[in-house]
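Please find the structures below.
You will see two complexes here that share chain A, one where it goes with chain B and one where it goes with chain C.
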Partner chain A sequence: MNYLNYPARMEYLPGFLDYIRNEMIDLGINMEIIFEVELACEEILVNIIKYAYSGKVGDIDVGVEYEDEGEFIVYIIDRGECFNILQVENPDVEASLDERDEGGLGIHFARSLMDEIDYKRDEDKNIVIMKKRILRKQGSGDNENKK
Partner chain B sequence: MIEYRSDEGKITCLFSGRMDTEESTRVGSELIEKIKGQDLSVVFDLKEVDYVSSAFLRICLKVAREMGDDRFSVEHVKPTVKKVFKIAGFDKIMKIE
Partner chain C sequence: MVLHSFLTVFLSVRKKGGQTLDIRIDTRETGDQSQTVEVHGEIDVYTSPKVKEIITELIEKGNNYLVINLEGVRYIDSTGLGVLIGALKKVREKDGCINLVCDNPQIKKIFNITGLVRIFGIYKTEDEALKNLKP
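This part shows the complex of A and B:
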(Lines of atoms letter the chains of each structure in order from A and count residues from 1; the text may use other names and numbers.)
(Lines give C-alpha, C1' and ligand atoms only; values in the text may rest on other atoms or scores of the structure.)
Protein backbone atom coordinates (compact mmCIF):
# COMPACT_ATOMS: atom_id res chain seq x y z
CA MET A 1 0.00 0.00 0.00
CA ASN A 2 1.17 3.53 -0.77
CA TYR A 3 1.06 6.14 1.94
CA LEU A 4 0.63 9.86 1.54
CA ASN A 5 2.97 11.66 3.93
CA TYR A 6 2.63 15.29 4.97
CA PRO A 7 3.61 17.35 8.00
CA ALA A 8 1.06 17.30 10.85
CA ARG A 9 -0.17 20.83 10.21
CA MET A 10 -3.59 22.26 9.43
CA GLU A 11 -2.58 23.54 5.99
CA TYR A 12 -2.01 19.95 4.88
CA LEU A 13 -5.44 18.71 6.02
CA PRO A 14 -7.15 19.49 2.66
CA GLY A 15 -4.42 17.51 0.87
CA PHE A 16 -5.08 14.42 2.99
CA LEU A 17 -8.84 14.72 2.57
CA ASP A 18 -8.61 15.29 -1.22
CA TYR A 19 -6.57 12.10 -1.47
CA ILE A 20 -9.08 10.02 0.51
CA ARG A 21 -12.07 11.55 -1.29
CA ASN A 22 -10.58 11.01 -4.77
CA GLU A 23 -9.82 7.37 -4.00
CA MET A 24 -13.46 6.86 -3.03
CA ILE A 25 -14.76 8.72 -6.10
CA ASP A 26 -12.57 6.49 -8.31
CA LEU A 27 -14.14 3.43 -6.70
CA GLY A 28 -17.61 4.75 -7.50
CA ILE A 29 -18.62 5.00 -3.85
CA ASN A 30 -21.80 7.01 -3.30
CA MET A 31 -21.61 10.60 -2.06
CA GLU A 32 -23.28 9.98 1.29
CA ILE A 33 -20.67 7.37 2.24
CA ILE A 34 -17.88 9.62 0.95
CA PHE A 35 -19.15 12.43 3.19
CA GLU A 36 -19.22 10.15 6.24
CA VAL A 37 -15.75 8.70 5.71
CA GLU A 38 -14.29 12.12 4.94
CA LEU A 39 -15.77 13.61 8.10
CA ALA A 40 -14.49 10.72 10.23
CA CYS A 41 -11.00 11.13 8.73
CA GLU A 42 -11.04 14.91 9.19
CA GLU A 43 -11.85 14.53 12.89
CA ILE A 44 -9.09 11.98 13.50
CA LEU A 45 -6.54 14.02 11.51
CA VAL A 46 -7.44 17.27 13.29
CA ASN A 47 -7.01 15.51 16.63
CA ILE A 48 -3.53 14.33 15.63
CA ILE A 49 -2.56 17.76 14.23
CA LYS A 50 -3.68 19.50 17.43
CA TYR A 51 -2.42 17.11 20.08
CA ALA A 52 -0.10 14.31 18.91
CA TYR A 53 3.16 16.20 18.75
CA SER A 54 2.58 18.80 21.54
CA GLY A 55 3.79 21.68 19.39
CA LYS A 56 6.82 19.82 18.02
CA VAL A 57 7.34 19.03 14.35
CA GLY A 58 5.82 15.76 13.19
CA ASP A 59 4.17 14.07 10.27
CA ILE A 60 1.23 11.86 9.34
CA ASP A 61 0.90 8.95 6.92
CA VAL A 62 -2.45 8.19 5.31
CA GLY A 63 -3.12 5.06 3.29
CA VAL A 64 -6.30 3.61 1.84
CA GLU A 65 -7.27 0.13 0.81
CA TYR A 66 -10.32 -1.41 -0.75
CA GLU A 67 -11.29 -4.98 -0.08
CA ASP A 68 -13.39 -6.87 -2.57
CA GLU A 69 -15.87 -7.82 0.13
CA GLY A 70 -16.90 -4.18 0.06
CA GLU A 71 -14.85 -2.55 2.78
CA PHE A 72 -13.01 0.72 2.35
CA ILE A 73 -10.17 0.97 4.86
CA VAL A 74 -8.24 4.08 5.90
CA TYR A 75 -4.96 3.88 7.83
CA ILE A 76 -3.82 6.99 9.70
CA ILE A 77 -0.38 6.83 11.29
CA ASP A 78 1.54 9.30 13.46
CA ARG A 79 4.66 9.08 15.60
CA GLY A 80 3.46 11.35 18.37
CA GLU A 81 2.56 10.65 21.97
CA CYS A 82 0.86 7.33 22.62
CA PHE A 83 -2.85 7.93 22.22
CA ASN A 84 -5.35 5.11 22.16
CA ILE A 85 -8.43 6.48 20.50
CA LEU A 86 -10.46 3.51 21.74
CA GLN A 87 -10.03 4.67 25.34
CA VAL A 88 -11.59 8.10 24.77
CA GLU A 89 -14.96 8.36 26.45
CA ASN A 90 -17.93 9.41 24.33
CA PRO A 91 -19.52 12.73 25.27
CA ASP A 92 -22.90 12.61 26.98
CA VAL A 93 -25.21 13.29 24.03
CA GLU A 94 -28.23 13.34 26.36
CA ALA A 95 -26.95 16.18 28.57
CA SER A 96 -28.81 19.50 28.71
CA LEU A 97 -27.60 22.54 26.76
CA ASP A 98 -25.76 23.98 29.75
CA GLU A 99 -24.13 20.71 30.68
CA ARG A 100 -22.86 19.83 27.22
CA ASP A 101 -19.16 19.25 26.93
CA GLU A 102 -17.57 20.86 23.88
CA GLY A 103 -14.83 18.25 23.65
CA GLY A 104 -14.91 14.69 22.40
CA LEU A 105 -17.42 15.27 19.62
CA GLY A 106 -14.96 14.65 16.79
CA ILE A 107 -13.92 11.20 17.96
CA HIS A 108 -17.56 10.39 18.70
CA PHE A 109 -18.37 11.29 15.06
CA ALA A 110 -15.60 9.08 13.74
CA ARG A 111 -16.84 6.15 15.83
CA SER A 112 -20.44 6.67 14.82
CA LEU A 113 -19.83 7.17 11.10
CA MET A 114 -17.37 4.32 10.51
CA ASP A 115 -18.36 0.67 10.86
CA GLU A 116 -15.20 -0.23 12.73
CA ILE A 117 -12.24 1.60 14.29
CA ASP A 118 -9.12 -0.16 15.54
CA TYR A 119 -6.01 1.20 17.21
CA LYS A 120 -2.51 -0.26 17.40
CA ARG A 121 0.66 1.03 19.01
CA ASP A 122 3.59 -0.26 16.96
CA GLU A 123 6.93 0.88 18.44
CA ASP A 124 6.72 4.69 18.16
CA LYS A 125 3.64 4.69 15.95
CA ASN A 126 -0.03 5.30 16.65
CA ILE A 127 -1.98 3.43 13.97
CA VAL A 128 -5.67 4.11 13.52
CA ILE A 129 -7.51 1.75 11.17
CA MET A 130 -11.00 2.77 10.10
CA LYS A 131 -13.33 0.57 8.09
CA LYS A 132 -16.48 1.43 6.19
CA ARG A 133 -18.73 -0.98 4.36
CA ILE A 134 -19.52 0.58 1.04
CA LEU A 135 -22.11 0.56 -1.67
CA ARG A 136 -20.80 1.13 -5.14
CA LYS A 137 -22.69 2.49 -8.09
CA GLN A 138 -23.38 -0.18 -10.71
CA GLY A 139 -20.73 -0.47 -13.39
CA SER A 140 -18.26 2.03 -11.99
CA GLY A 141 -14.82 1.73 -10.46
CA ASP A 142 -11.92 -0.61 -11.09
CA ASN A 143 -13.85 -3.86 -10.83
CA GLU A 144 -15.77 -3.16 -13.99
CA ASN A 145 -13.74 -5.47 -16.17
CA LYS A 146 -13.39 -8.29 -13.71
CA LYS A 147 -15.54 -11.40 -13.77
CA MET B 1 -18.22 31.41 3.86
CA ILE B 2 -20.78 33.36 5.80
CA GLU B 3 -23.16 36.16 4.96
CA TYR B 4 -25.17 38.07 7.57
CA ARG B 5 -28.71 39.36 7.05
CA SER B 6 -30.42 41.46 9.71
CA ASP B 7 -34.17 41.77 9.79
CA GLU B 8 -36.50 42.94 12.61
CA GLY B 9 -34.73 41.58 15.66
CA LYS B 10 -33.42 38.57 13.83
CA ILE B 11 -30.02 37.94 12.38
CA THR B 12 -29.67 35.22 9.76
CA CYS B 13 -26.24 33.72 9.19
CA LEU B 14 -26.21 32.24 5.73
CA PHE B 15 -23.37 29.76 5.44
CA SER B 16 -22.19 28.24 2.22
CA GLY B 17 -19.88 25.46 1.10
CA ARG B 18 -17.87 23.33 3.47
CA MET B 19 -18.03 24.22 7.13
CA ASP B 20 -15.01 22.11 7.96
CA THR B 21 -12.55 22.59 10.83
CA GLU B 22 -10.55 25.28 9.06
CA GLU B 23 -13.49 27.36 7.85
CA SER B 24 -15.38 27.02 11.15
CA THR B 25 -12.32 28.14 13.09
CA ARG B 26 -11.91 31.08 10.70
CA VAL B 27 -15.48 32.41 11.04
CA GLY B 28 -16.30 31.23 14.56
CA SER B 29 -14.89 33.91 16.85
CA GLU B 30 -16.05 36.77 14.60
CA LEU B 31 -19.56 35.33 14.61
CA ILE B 32 -19.71 34.92 18.39
CA GLU B 33 -18.48 38.52 18.86
CA LYS B 34 -21.14 39.79 16.46
CA ILE B 35 -24.08 38.29 18.30
CA LYS B 36 -22.80 38.51 21.88
CA GLY B 37 -25.11 40.43 24.21
CA GLN B 38 -27.49 41.36 21.37
CA ASP B 39 -31.21 41.35 22.04
CA LEU B 40 -32.23 39.39 18.98
CA SER B 41 -32.71 35.89 17.68
CA VAL B 42 -30.19 34.05 15.56
CA VAL B 43 -30.86 31.74 12.63
CA PHE B 44 -28.19 29.59 11.03
CA ASP B 45 -29.32 28.91 7.46
CA LEU B 46 -27.55 25.80 6.12
CA LYS B 47 -29.29 25.44 2.76
CA GLU B 48 -25.96 25.99 0.95
CA VAL B 49 -23.96 23.73 3.27
CA ASP B 50 -23.16 20.12 2.47
CA TYR B 51 -20.38 19.41 4.96
CA VAL B 52 -19.95 20.20 8.65
CA SER B 53 -17.33 19.06 11.14
CA SER B 54 -17.37 19.02 14.94
CA ALA B 55 -15.81 22.51 14.92
CA PHE B 56 -18.99 23.87 13.33
CA LEU B 57 -21.16 22.08 15.88
CA ARG B 58 -19.14 23.67 18.66
CA ILE B 59 -20.04 27.08 17.20
CA CYS B 60 -23.72 26.06 17.26
CA LEU B 61 -23.35 25.00 20.89
CA LYS B 62 -21.73 28.32 21.87
CA VAL B 63 -24.40 30.35 20.09
CA ALA B 64 -27.22 28.26 21.58
CA ARG B 65 -25.77 28.86 25.06
CA GLU B 66 -25.30 32.56 24.41
CA MET B 67 -28.82 33.10 23.03
CA GLY B 68 -30.73 30.42 24.92
CA ASP B 69 -32.50 27.67 22.99
CA ASP B 70 -35.59 29.79 22.33
CA ARG B 71 -33.65 32.42 20.39
CA PHE B 72 -31.55 30.16 18.21
CA SER B 73 -32.42 27.82 15.36
CA VAL B 74 -30.65 25.95 12.59
CA GLU B 75 -32.66 25.85 9.37
CA HIS B 76 -32.76 24.19 5.93
CA VAL B 77 -30.42 21.42 7.05
CA LYS B 78 -29.62 18.84 4.38
CA PRO B 79 -30.13 15.16 5.35
CA THR B 80 -26.44 14.23 5.49
CA VAL B 81 -25.70 17.25 7.68
CA LYS B 82 -28.74 16.58 9.85
CA LYS B 83 -27.38 13.12 10.57
CA VAL B 84 -24.27 14.74 12.10
CA PHE B 85 -26.41 16.96 14.36
CA LYS B 86 -28.33 13.86 15.45
CA ILE B 87 -25.18 11.87 16.21
CA ALA B 88 -24.12 14.76 18.46
CA GLY B 89 -27.57 14.69 20.10
CA PHE B 90 -28.00 18.36 19.20
CA ASP B 91 -31.53 17.76 17.91
CA LYS B 92 -32.51 17.48 21.61
CA ILE B 93 -31.00 20.79 22.72
CA MET B 94 -31.63 23.15 19.81
CA LYS B 95 -34.15 23.72 17.05
CA ILE B 96 -33.01 21.93 13.90
CA GLU B 97 -35.28 22.24 10.88
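This part shows the complex of A and C:
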Protein backbone atom coordinates (compact mmCIF):
# COMPACT_ATOMS: atom_id res chain seq x y z
CA MET A 1 0.00 0.00 0.00
CA ASN A 2 1.20 3.50 -0.77
CA TYR A 3 1.13 6.11 1.96
CA LEU A 4 0.87 9.84 1.64
CA ASN A 5 3.32 11.49 4.00
CA TYR A 6 3.14 15.11 5.10
CA PRO A 7 4.26 17.06 8.13
CA ALA A 8 1.76 17.06 11.02
CA ARG A 9 0.71 20.65 10.46
CA MET A 10 -2.68 22.22 9.78
CA GLU A 11 -1.72 23.51 6.34
CA TYR A 12 -1.33 19.90 5.18
CA LEU A 13 -4.76 18.79 6.39
CA PRO A 14 -6.50 19.64 3.07
CA GLY A 15 -3.88 17.57 1.23
CA PHE A 16 -4.65 14.50 3.33
CA LEU A 17 -8.40 14.98 2.95
CA ASP A 18 -8.14 15.54 -0.81
CA TYR A 19 -6.21 12.29 -1.12
CA ILE A 20 -8.81 10.29 0.84
CA ARG A 21 -11.73 11.94 -0.99
CA ASN A 22 -10.24 11.43 -4.43
CA GLU A 23 -9.60 7.76 -3.73
CA MET A 24 -13.26 7.35 -2.74
CA ILE A 25 -14.47 9.27 -5.79
CA ASP A 26 -12.34 7.04 -8.03
CA LEU A 27 -14.00 3.99 -6.48
CA GLY A 28 -17.45 5.43 -7.21
CA ILE A 29 -18.40 5.66 -3.56
CA ASN A 30 -21.46 7.84 -3.03
CA MET A 31 -21.22 11.34 -1.65
CA GLU A 32 -23.00 10.55 1.61
CA ILE A 33 -20.33 8.01 2.55
CA ILE A 34 -17.54 10.30 1.33
CA PHE A 35 -18.90 13.06 3.60
CA GLU A 36 -18.86 10.77 6.64
CA VAL A 37 -15.43 9.26 6.01
CA GLU A 38 -13.91 12.66 5.30
CA LEU A 39 -15.38 14.13 8.46
CA ALA A 40 -14.22 11.19 10.58
CA CYS A 41 -10.70 11.38 9.12
CA GLU A 42 -10.55 15.13 9.61
CA GLU A 43 -11.34 14.71 13.30
CA ILE A 44 -8.59 12.12 13.80
CA LEU A 45 -6.04 14.09 11.78
CA VAL A 46 -6.75 17.35 13.60
CA ASN A 47 -6.37 15.54 16.90
CA ILE A 48 -2.96 14.20 15.85
CA ILE A 49 -1.83 17.57 14.49
CA LYS A 50 -2.84 19.35 17.70
CA TYR A 51 -1.66 16.88 20.30
CA ALA A 52 0.52 14.00 19.07
CA TYR A 53 3.87 15.77 18.90
CA SER A 54 3.47 18.29 21.75
CA GLY A 55 4.75 21.16 19.63
CA LYS A 56 7.66 19.21 18.16
CA VAL A 57 8.11 18.49 14.45
CA GLY A 58 6.41 15.32 13.30
CA ASP A 59 4.69 13.72 10.37
CA ILE A 60 1.66 11.66 9.44
CA ASP A 61 1.21 8.80 6.97
CA VAL A 62 -2.19 8.20 5.41
CA GLY A 63 -2.96 5.11 3.36
CA VAL A 64 -6.22 3.81 1.95
CA GLU A 65 -7.34 0.37 0.93
CA TYR A 66 -10.50 -1.01 -0.61
CA GLU A 67 -11.42 -4.59 0.06
CA ASP A 68 -13.54 -6.57 -2.32
CA GLU A 69 -15.90 -7.37 0.54
CA GLY A 70 -16.93 -3.74 0.34
CA GLU A 71 -14.85 -2.10 3.04
CA PHE A 72 -12.99 1.16 2.55
CA ILE A 73 -10.13 1.33 5.03
CA VAL A 74 -8.09 4.36 6.03
CA TYR A 75 -4.81 3.97 7.92
CA ILE A 76 -3.56 7.01 9.81
CA ILE A 77 -0.10 6.69 11.33
CA ASP A 78 1.90 9.05 13.50
CA ARG A 79 5.05 8.69 15.57
CA GLY A 80 4.01 10.93 18.40
CA GLU A 81 3.15 10.18 21.99
CA CYS A 82 1.34 6.90 22.58
CA PHE A 83 -2.36 7.63 22.30
CA ASN A 84 -4.90 4.84 22.19
CA ILE A 85 -8.01 6.31 20.64
CA LEU A 86 -10.03 3.33 21.89
CA GLN A 87 -9.44 4.38 25.49
CA VAL A 88 -11.05 7.79 25.04
CA GLU A 89 -14.41 7.88 26.78
CA ASN A 90 -17.40 8.89 24.72
CA PRO A 91 -19.00 12.17 25.78
CA ASP A 92 -22.43 12.01 27.37
CA VAL A 93 -24.69 12.85 24.45
CA GLU A 94 -27.64 13.06 26.83
CA ALA A 95 -25.94 15.83 28.82
CA SER A 96 -27.65 19.17 29.30
CA LEU A 97 -26.17 22.35 27.87
CA ASP A 98 -24.62 23.29 31.22
CA GLU A 99 -22.80 19.98 31.41
CA ARG A 100 -21.37 20.23 27.90
CA ASP A 101 -18.00 21.51 26.79
CA GLU A 102 -17.39 23.23 23.49
CA GLY A 103 -14.80 20.60 22.56
CA GLY A 104 -14.32 16.89 23.01
CA LEU A 105 -16.70 15.67 20.32
CA GLY A 106 -14.14 14.89 17.62
CA ILE A 107 -13.26 11.31 18.47
CA HIS A 108 -16.91 10.55 19.18
CA PHE A 109 -17.68 11.87 15.67
CA ALA A 110 -15.12 9.57 14.13
CA ARG A 111 -16.38 6.54 16.05
CA SER A 112 -20.00 7.28 15.16
CA LEU A 113 -19.42 7.92 11.49
CA MET A 114 -17.18 4.92 10.78
CA ASP A 115 -18.30 1.31 11.08
CA GLU A 116 -15.18 0.27 12.92
CA ILE A 117 -12.11 1.97 14.39
CA ASP A 118 -9.11 0.05 15.61
CA TYR A 119 -5.80 1.09 17.15
CA LYS A 120 -2.37 -0.52 17.27
CA ARG A 121 0.89 0.62 18.81
CA ASP A 122 3.74 -0.66 16.67
CA GLU A 123 7.15 0.32 18.09
CA ASP A 124 7.03 4.13 17.98
CA LYS A 125 3.91 4.33 15.83
CA ASN A 126 0.27 5.02 16.63
CA ILE A 127 -1.78 3.30 13.93
CA VAL A 128 -5.45 4.14 13.62
CA ILE A 129 -7.41 1.89 11.28
CA MET A 130 -10.78 3.24 10.20
CA LYS A 131 -13.22 1.05 8.30
CA LYS A 132 -16.37 1.99 6.44
CA ARG A 133 -18.62 -0.54 4.78
CA ILE A 134 -19.79 0.69 1.44
CA LEU A 135 -22.16 -2.18 0.66
CA ARG A 136 -25.75 -1.70 1.68
CA LYS A 137 -26.33 -5.43 1.90
CA GLN A 138 -23.44 -7.47 3.16
CA GLY A 139 -22.67 -10.51 1.08
CA SER A 140 -24.98 -9.50 -1.75
CA GLY A 141 -22.01 -9.07 -4.05
CA ASP A 142 -23.54 -5.93 -5.51
CA ASN A 143 -21.88 -2.71 -4.56
CA GLU A 144 -24.95 -0.52 -4.54
CA ASN A 145 -22.91 2.52 -3.66
CA LYS A 146 -20.90 2.30 -6.83
CA LYS A 147 -21.95 4.48 -9.73
CA MET B 1 -39.03 53.73 11.02
CA VAL B 2 -36.89 50.73 11.93
CA LEU B 3 -33.66 50.40 10.05
CA HIS B 4 -32.66 46.80 9.54
CA SER B 5 -28.95 46.23 9.29
CA PHE B 6 -27.36 43.73 6.95
CA LEU B 7 -23.81 42.49 6.91
CA THR B 8 -22.16 40.03 4.57
CA VAL B 9 -18.72 38.63 5.25
CA PHE B 10 -16.78 36.63 2.67
CA LEU B 11 -13.81 34.61 3.71
CA SER B 12 -11.41 32.59 1.57
CA VAL B 13 -9.50 30.28 3.80
CA ARG B 14 -7.69 27.51 1.99
CA LYS B 15 -7.23 25.51 -1.13
CA LYS B 16 -9.29 22.35 -1.27
CA GLY B 17 -9.40 20.11 -4.29
CA GLY B 18 -7.40 22.74 -6.15
CA GLN B 19 -9.97 25.46 -5.52
CA THR B 20 -10.26 28.26 -3.03
CA LEU B 21 -12.79 27.43 -0.38
CA ASP B 22 -15.06 30.33 0.46
CA ILE B 23 -17.42 30.84 3.32
CA ARG B 24 -20.07 33.53 3.31
CA ILE B 25 -21.83 34.74 6.41
CA ASP B 26 -24.88 37.01 6.08
CA THR B 27 -26.36 38.61 9.15
CA ARG B 28 -29.58 40.58 9.25
CA GLU B 29 -31.61 42.16 11.98
CA THR B 30 -34.96 40.49 12.49
CA GLY B 31 -36.13 42.25 15.65
CA ASP B 32 -35.14 44.33 18.61
CA GLN B 33 -32.69 41.83 20.03
CA SER B 34 -32.71 39.28 17.27
CA GLN B 35 -30.60 38.53 14.25
CA THR B 36 -30.51 35.88 11.60
CA VAL B 37 -27.09 34.50 10.70
CA GLU B 38 -26.98 32.68 7.38
CA VAL B 39 -23.88 30.60 6.76
CA HIS B 40 -22.85 29.29 3.34
CA GLY B 41 -19.95 26.89 2.88
CA GLU B 42 -18.13 24.71 5.36
CA ILE B 43 -17.88 25.25 9.11
CA ASP B 44 -14.68 23.48 9.98
CA VAL B 45 -11.43 23.90 11.82
CA TYR B 46 -10.40 26.66 9.37
CA THR B 47 -13.59 28.69 9.18
CA SER B 48 -14.96 28.20 12.71
CA PRO B 49 -12.92 31.04 14.26
CA LYS B 50 -14.53 33.54 11.86
CA VAL B 51 -18.04 32.18 12.47
CA LYS B 52 -17.37 32.37 16.22
CA GLU B 53 -16.10 35.95 15.96
CA ILE B 54 -19.21 37.12 14.10
CA ILE B 55 -21.70 35.36 16.38
CA THR B 56 -19.89 36.50 19.54
CA GLU B 57 -19.94 40.10 18.31
CA LEU B 58 -23.69 39.91 17.67
CA ILE B 59 -24.31 38.53 21.17
CA GLU B 60 -22.08 41.15 22.79
CA LYS B 61 -24.14 43.83 21.04
CA GLY B 62 -27.23 42.54 22.84
CA ASN B 63 -28.66 40.20 20.23
CA ASN B 64 -29.75 37.42 22.55
CA TYR B 65 -32.10 35.80 20.08
CA LEU B 66 -30.43 34.28 17.05
CA VAL B 67 -31.56 32.16 14.17
CA ILE B 68 -28.58 30.45 12.59
CA ASN B 69 -29.49 29.25 9.13
CA LEU B 70 -27.38 26.25 8.12
CA GLU B 71 -29.19 25.51 4.87
CA GLY B 72 -26.16 26.63 2.88
CA VAL B 73 -23.73 24.59 4.99
CA ARG B 74 -22.31 21.52 3.28
CA TYR B 75 -20.01 20.39 6.08
CA ILE B 76 -19.69 20.95 9.81
CA ASP B 77 -17.11 19.37 12.08
CA SER B 78 -16.75 19.18 15.86
CA THR B 79 -15.08 22.61 15.96
CA GLY B 80 -18.14 24.08 14.26
CA LEU B 81 -20.45 22.39 16.72
CA GLY B 82 -18.31 23.78 19.54
CA VAL B 83 -18.92 27.30 18.22
CA LEU B 84 -22.69 26.71 18.27
CA ILE B 85 -22.59 25.22 21.80
CA GLY B 86 -20.51 28.16 23.05
CA ALA B 87 -22.90 30.68 21.49
CA LEU B 88 -25.94 28.96 23.00
CA LYS B 89 -24.32 29.05 26.44
CA LYS B 90 -23.70 32.78 26.07
CA VAL B 91 -27.28 33.67 25.09
CA ARG B 92 -28.80 31.38 27.73
CA GLU B 93 -26.90 33.34 30.38
CA LYS B 94 -29.00 36.31 29.23
CA ASP B 95 -32.19 34.25 28.94
CA GLY B 96 -31.84 34.24 25.18
CA CYS B 97 -32.28 31.54 22.59
CA ILE B 98 -30.68 30.16 19.43
CA ASN B 99 -32.68 28.23 16.87
CA LEU B 100 -31.13 26.52 13.90
CA VAL B 101 -32.46 26.06 10.38
CA CYS B 102 -31.36 22.78 8.87
CA ASP B 103 -33.03 20.32 6.56
CA ASN B 104 -29.91 18.63 5.20
CA PRO B 105 -29.97 14.97 6.33
CA GLN B 106 -26.17 14.73 6.52
CA ILE B 107 -25.87 17.78 8.76
CA LYS B 108 -28.86 16.66 10.83
CA LYS B 109 -27.16 13.30 11.39
CA ILE B 110 -24.26 15.18 13.00
CA PHE B 111 -26.69 16.85 15.43
CA ASN B 112 -28.28 13.47 16.14
CA ILE B 113 -25.09 11.58 16.96
CA THR B 114 -23.95 14.32 19.32
CA GLY B 115 -27.33 14.64 21.04
CA LEU B 116 -27.50 18.31 20.09
CA VAL B 117 -31.00 17.78 18.66
CA ARG B 118 -32.16 17.91 22.27
CA ILE B 119 -30.25 21.12 23.03
CA PHE B 120 -31.04 23.27 19.99
CA GLY B 121 -34.35 24.03 18.39
CA ILE B 122 -33.84 22.78 14.84
CA TYR B 123 -36.37 23.82 12.19
CA LYS B 124 -36.87 23.19 8.51
CA THR B 125 -37.52 26.81 7.61
CA GLU B 126 -36.33 30.19 8.79
CA ASP B 127 -39.92 31.30 9.40
CA GLU B 128 -40.50 28.42 11.82
CA ALA B 129 -37.19 29.09 13.57
CA LEU B 130 -38.06 32.78 13.98
CA LYS B 131 -41.57 32.04 15.29
CA ASN B 132 -40.12 29.75 17.95
CA LEU B 133 -37.43 32.09 19.28
CA LYS B 134 -38.35 31.93 22.95
CA PRO B 135 -36.30 31.95 26.13
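Throughout what follows, the second predicted complex is superposed on the first by the 134 of 147 C-alpha atoms of A that agree within 3 Å, B and C clash if a C-alpha of one lies under 4 Å from a C-alpha of the other, contacts with A are read in each partner's own complex, and residues count from 1 in each chain.
Throughout what follows, a residue touches a chain if its C-beta (ideal position, glycine included) is under 8 Å from a C-beta of that chain, and two chains touch if they have at least 3 such contacts.
Computed from a prediction, not measured in an experiment: that's the story for all the values here.
Student: Once the two structures are overlaid on chain A, check if chain B and chain C clash or fit side by side.
Tutor: clash
Student: Quick check on the superposed pair: does A:1 touch chain B, chain C, both, or neither? Answer first, second, both or neither.
Tutor: Neither partner.
Student: Between chain B and chain C, pick out the one touching the greater number of residues of chain A.
Tutor: Ranking chain B and chain C by residues of chain A touched puts C first.
Student: Does the superposition put A:109 against chain B (first), chain C (second), both, or neither?
Tutor: both
Student: Quick check on the superposed pair: does A:57 touch chain B, chain C, both, or neither? Answer first, second, both or neither.
Tutor: neither
Student: Considering only touches as defined above, state whether A:82 meets chain B (first), chain C (second), both or neither.
Tutor: After superposing on A, A:82 lies clear of both chain B and chain C.
Student: Tell me the contact category for A:21 with respect to chain B and chain C: first, second, both or neither.
Tutor: second
Student: Under the contact rule defined above, give the chain A residues that sit at the interface with chain B and also at the interface with chain C.
Tutor: On chain A, the residues that contact chain B in one structure and chain C in the other are 10, 13-14, 32, 35-36, 38-39, 42-43, 46, 91, 93-98, 100, 102, 105-106, 108-109, 112-113.
Student: Please output the residues of chain C touching chain A within their complex, sorted ascending.
Tutor: Going by the criterion above, the answer is residues 14-17, 44-46, 75, 77-79, 81-83, 85-86, 88-89, 92, 106, 110, 113-115, 118-119.
Student: Note which residues of chain A are touching chain B in the complex, please.
Tutor: Of all residues in chain A, those touching chain B are 10, 13-14, 32, 35-36, 38-39, 42-43, 46, 91, 93-98, 100, 102, 105-106, 108-109, 112-113.
Student: What residues of chain A sit close enough to touch chain C in their complex?
Tutor: 10-11, 13-14, 17-18, 21-22, 32, 35-36, 38-39, 42-43, 46, 91-98, 100-106, 108-109, 112-113
Student: Quick check on the complex: what are the chain B residues that touch chain A?
Tutor: Listed in rising order, the residues of chain B that touch chain A are 20-22, 50-55, 57-58, 61-62, 64-65, 69, 80, 84, 87-89, 92-94.
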